[in-house]
Amino acid sequence: MKVYQIGNEAGIDALTLVERPEPKPEYGQILVRVRAVSLNYRDLIIVESNRTDSNSHVIPMSDGAGEVVAVGVGVTRVKVGARVAGTFFQDWVSGNINAKVMKSAMGGEIDGMLAEYVTLNQNGVVLLPNHLSYEEGATLPCAAVTAWHALVTKGNLKAGETVLILGTGGVSIFALQFAKLHGARVIVTSSSDEKLERAKALGADDTINYKTTPNWEEAVYRLTDSTGVDHVVEVGGAGTLQKSIKAVRYGGYISLIGVLTGFGGEINPQPILGKSITLQGIYVGSREMFEAMNRAIAHHQLKPQIDRTFSLSEAKAAYQYLKSGSHFGKVVIQL
Amino acid sequence: MKVYQIGNEAGIDALTLVERPEPKPEYGQILVRVRAVSLNYRDLIIVESNRTDSNSHVIPMSDGAGEVVAVGVGVTRVKVGARVAGTFFQDWVSGNINAKVMKSAMGGEIDGMLAEYVTLNQNGVVLLPNHLSYEEGATLPCAAVTAWHALVTKGNLKAGETVLILGTGGVSIFALQFAKLHGARVIVTSSSDEKLERAKALGADDTINYKTTPNWEEAVYRLTDSTGVDHVVEVGGAGTLQKSIKAVRYGGYISLIGVLTGFGGEINPQPILGKSITLQGIYVGSREMFEAMNRAIAHHQLKPQIDRTFSLSEAKAAYQYLKSGSHFGKVVIQL
Amino acid sequence: MKVYQIGNEAGIDALTLVERPEPKPEYGQILVRVRAVSLNYRDLIIVESNRTDSNSHVIPMSDGAGEVVAVGVGVTRVKVGARVAGTFFQDWVSGNINAKVMKSAMGGEIDGMLAEYVTLNQNGVVLLPNHLSYEEGATLPCAAVTAWHALVTKGNLKAGETVLILGTGGVSIFALQFAKLHGARVIVTSSSDEKLERAKALGADDTINYKTTPNWEEAVYRLTDSTGVDHVVEVGGAGTLQKSIKAVRYGGYISLIGVLTGFGGEINPQPILGKSITLQGIYVGSREMFEAMNRAIAHHQLKPQIDRTFSLSEAKAAYQYLKSGSHFGKVVIQL
Amino acid sequence: MKVYQIGNEAGIDALTLVERPEPKPEYGQILVRVRAVSLNYRDLIIVESNRTDSNSHVIPMSDGAGEVVAVGVGVTRVKVGARVAGTFFQDWVSGNINAKVMKSAMGGEIDGMLAEYVTLNQNGVVLLPNHLSYEEGATLPCAAVTAWHALVTKGNLKAGETVLILGTGGVSIFALQFAKLHGARVIVTSSSDEKLERAKALGADDTINYKTTPNWEEAVYRLTDSTGVDHVVEVGGAGTLQKSIKAVRYGGYISLIGVLTGFGGEINPQPILGKSITLQGIYVGSREMFEAMNRAIAHHQLKPQIDRTFSLSEAKAAYQYLKSGSHFGKVVIQL
């Protein structure tokens, strides 16, 4: 079978497409014919960082969906023919995150999904909602679960509350969709008026172009009657965090989302105290969250926003496209 | 000014419309020209029960809305001209319910709103959402806050969860509207196909006529893939509670809503244990809940469902109409 | 190996001690040499009820502790030589209870621990705190986890709150110990002054003999300045529940604990509403709760209260002794 | 009456003791004969910062206790003769913090307690536990409520969890005492072995001298089996925060406590994300928290740790002493 592996050297160009023998499902495992994968910024960072010893030749990419084509002994949770997506953390079923969970992240600590066939533990998958294609299902494991964890599981978002969402990448667009499902008011920022128009079409109540409005935190304040927003989905990094802290209300909530090595810069923690803010690091989520989210997605026939789809042989181009930052929603590769 | 008072004897006929001097706002109080009141089943029970010593001559009805026409010394929270609704419990601003709060319920423990003018403490009112008339605003203090408290504050309702709502009275219809705001799936029961049609028009996903389907709890089970619902809004009493317990999932949640003396019959508590159910008595809610709810109502321009409006002189007819049980949503009296 | 099995007919006398081949651990399983088991009231009910078809020949008793003597392929969580206790629900690691979890209760739905050797899934055990003997460790899976779940996980018990504990059986004594660990005030009821003395020695702040004080709920009220307690650990059944509802404060919390078929009688649900009470059915708990509890037990070198220890051949006498109700704390069988 | 006021210029020396007429309680107010006040680091910062226009001549110090000597019209919550402490935020009864609450902080935004007599709104006081002197009671409003809010209200601290407490100032020692009340394990850091001994005497399980162990975060890690602590009470500032983030477990909780202008330096927010940490700014708390805390203090006859007591005329010396940092627990002034 065809499979990509991370190179000995850093960089997208070091990715190689190789032929490997098709894996066999062991006790408790299932064999999945992968049909689509989706890219996250973390995938890019992993490929670009030089961590030769730890993840050279690892199969990249955490997010994928496909069909169960065989099951090992002892498998009771899924059947051959089932349409599934893998969970980002293979060992996080429910409960709290811990050190063991951290070691089970696909496409980094362990092999990922950019292969025609993968074996996964039966506990490491969820059923896809019926109305979703494999491409759409492949967008969920990292970005969608992160957004759900931040706003719904931890954030307890309620109708009438206001959410500030930075940008229009994968997590941000899912956050917009889930916030609207829960009746919240949503403010979106971007540097592109065209993307802001698309966010409005998805339900954004207010939009701010942070290029033409560099003091966007003040614009947010004005939009909330000088109170500040209840939640911020913060994907920007240290630079935007200072402004997000200004844009949130007393006692408000900021979900810190990003990538393990991509959050540069420093912030002054004093205003976190002065405004009694909760700053919550969100790193994807559990299978239990994924299943609760899928129930909502299925009930509302919600469609993930796919920006562009590449073929398997174009995988490097897909990475380059993500790196360019011009996407709105998710970038997908079909297998 | 004209004001109704509860009679020395029990019964709707003992209500009397009398003339009283207009009250004056004392320190921290506001004077409200009441423009509309709404009826709850509790109001009926209070009038029909013979509690002569405790509430004879009390002004009935907890729910009303009007205009602030004067303020006493020390009032800073509201201004003359403000459009307000009173809070059911005059002493429940936020935090937990307690014995002191219980003594501040309007139209029972203390005077209510069925009068042309009332004085209220400045802390005992909320501003009406701009898009609501006085009649619509008057429907909120008891029924809407109860539904919000049950499903949102305590219930932490999330998109994709399933809510079973019994009946189509005031609390039930608000519960339906709030559940839909939060992206939940809603199943409504009623004995009237016509009312079920109206519930569907408001967003109910599934409906069950409990007259033609006496084993409605089994129908609920089938509608939820034999899992049971996540939440039940239980307004029926001991008779329906047994069935609600059957209709809820393991670890599910039942909000027990009703009226202080109107919940007859007995239940076997064993299945509450066997299914790990949380049974939560909900008795209206705090001003903080009311304000959070109003924010959602304002954002969504949500309209309360008024069944029928009576004039002040027809107050007894309004009580009779509520007693007949033929209403869908709220019964209102204009002043 | 020697193993007890439930008889074809109902009753303690139908229990039989038989010889069976020693089981072998399959993939992911461990083989445990059981050293001690402890009895719960549920074990008695299962043996006494005539459920021939469903659990005849099932190995009884959910609670046991022993040494890991062999591990199957794929076992990474425990090592040979580890001292472990089984979890009551073999399939409840963390998260919410559900229908699948309910089918994994040992000593009822599946085989239990009253055998010299048992095989368990590696996920179905916890490590014993070092300071505990096997006898002490065997008391934890059902009674202790139930008490922890009720007061700590769900109850969020805080220092200074008041807990009412009915009786001095297994769950009640653990509830007393855990409540004291969290700085709560504890009131214990019993019909025996001698048992109340022992409860005092374990830290009970106040005790009430419900035989000499039949209106014990009024005594509780007086002890709490006519406010009522914050939490009730309700193990009595419908009869005591009416009184517990009277003894709890507005907005208070009652944990309903008991056995699946042993909670006779009916109650009027009206006061649950009138006092805004939360009535929470508690049915043991997850492994995650068990582990959190063990951490507290280890830190405080807390000792479970063992009332009496029987030998394997005296198992029927142990059941009879539990049935007599004269125990204080737990009844244990050594193997 | 004698009263201190903040000077026109910055600095402790600019504090002046002046004579003012005794205030009279207006509607809803009480007159308190202050008997003791306690110092917080915030008091020092306010006096030392040059904020002439905003709080010159304001009466300093948020924390005080005394006797109610007169009540205004409309006072029902407290009686003449009651022993009370004021709440730090006069307008925070319960619920969430907000902009209005922030404007009601005594000794800064509004007059404080360093006066022989003060008038307070009846809602801005709590009753002192009977076993506490006025000096002890005066230590509670800021430091103790902050520690309770962090660990108990927000932190939901449970027995067996591990808490890391930085330093031995007012908040830290209360945090130590409250953590022990809830059965937690406590690790305390200090630069003084003598203070660490005193912390041990109050129940600290482990202590670390950060002078002799500059990499104290690694020592913490070793003490927790390389897992990290569950909670950190972070009072140090940006410098220690980096280490605290290393010392906490995945998914752990850091309470950020300090003073509005005293939290210098910057931190890299990336590890907050990488470890899924919750960083929670804690700024004192509500009256509801204060009352819950007092219940625990009363039940356990817990004694605040007073380091040294000064007379009214020595107030400047008290500020100097706090500034020196040599205290363990609270610094008090008697009136």
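Order as written gives the chain letters A, B, C and D; numbering starts at 1 within each chain.
Definition applied: a contact is a pair of C-beta atoms (placed from the backbone, for glycine too) under 8 Å apart; a residue touches a chain by one contact, two chains touch by 3 or more.
Since the structure is predicted, the reported quantities are computational estimates derived from the model, not experimental observations.
Engineer: Taking all residue numbers used at the chain A/chain C interface, answer same if over half belong to both copies and different if under half do.
Structural biologist: Both copies touch with mostly the same residues.
Engineer: For chain A and chain B, what's the span in angstrom between their mean Cα positions?
Structural biologist: Comparing mean C-alpha positions, chain B is 41 Å from chain A.
Engineer: Chain C: which residues touch two or more other chains?
Structural biologist: 96
Engineer: Based on which chains are in contact, what kind of graph results: line, ring, star, complete or other?
Structural biologist: Drawn as a graph, the chains make a fully connected set, so complete.
Engineer: What residues of chain C sit close enough to touch chain A in their complex?
Structural biologist: 27-28, 73-74, 93-96, 286, 288
Engineer: Could you please specify the touching residues of chain C with respect to chain D in the complex?
Structural biologist: Touch list, chain C to chain D: 152, 156, 158-161, 178, 181-183, 185, 292-300.
Engineer: Could you pull out which chain C residues touch chain B in their complex?
Structural biologist: 96-99, 101-102, 227, 238, 241, 249-251, 256-258, 260-261, 263-270, 272-283
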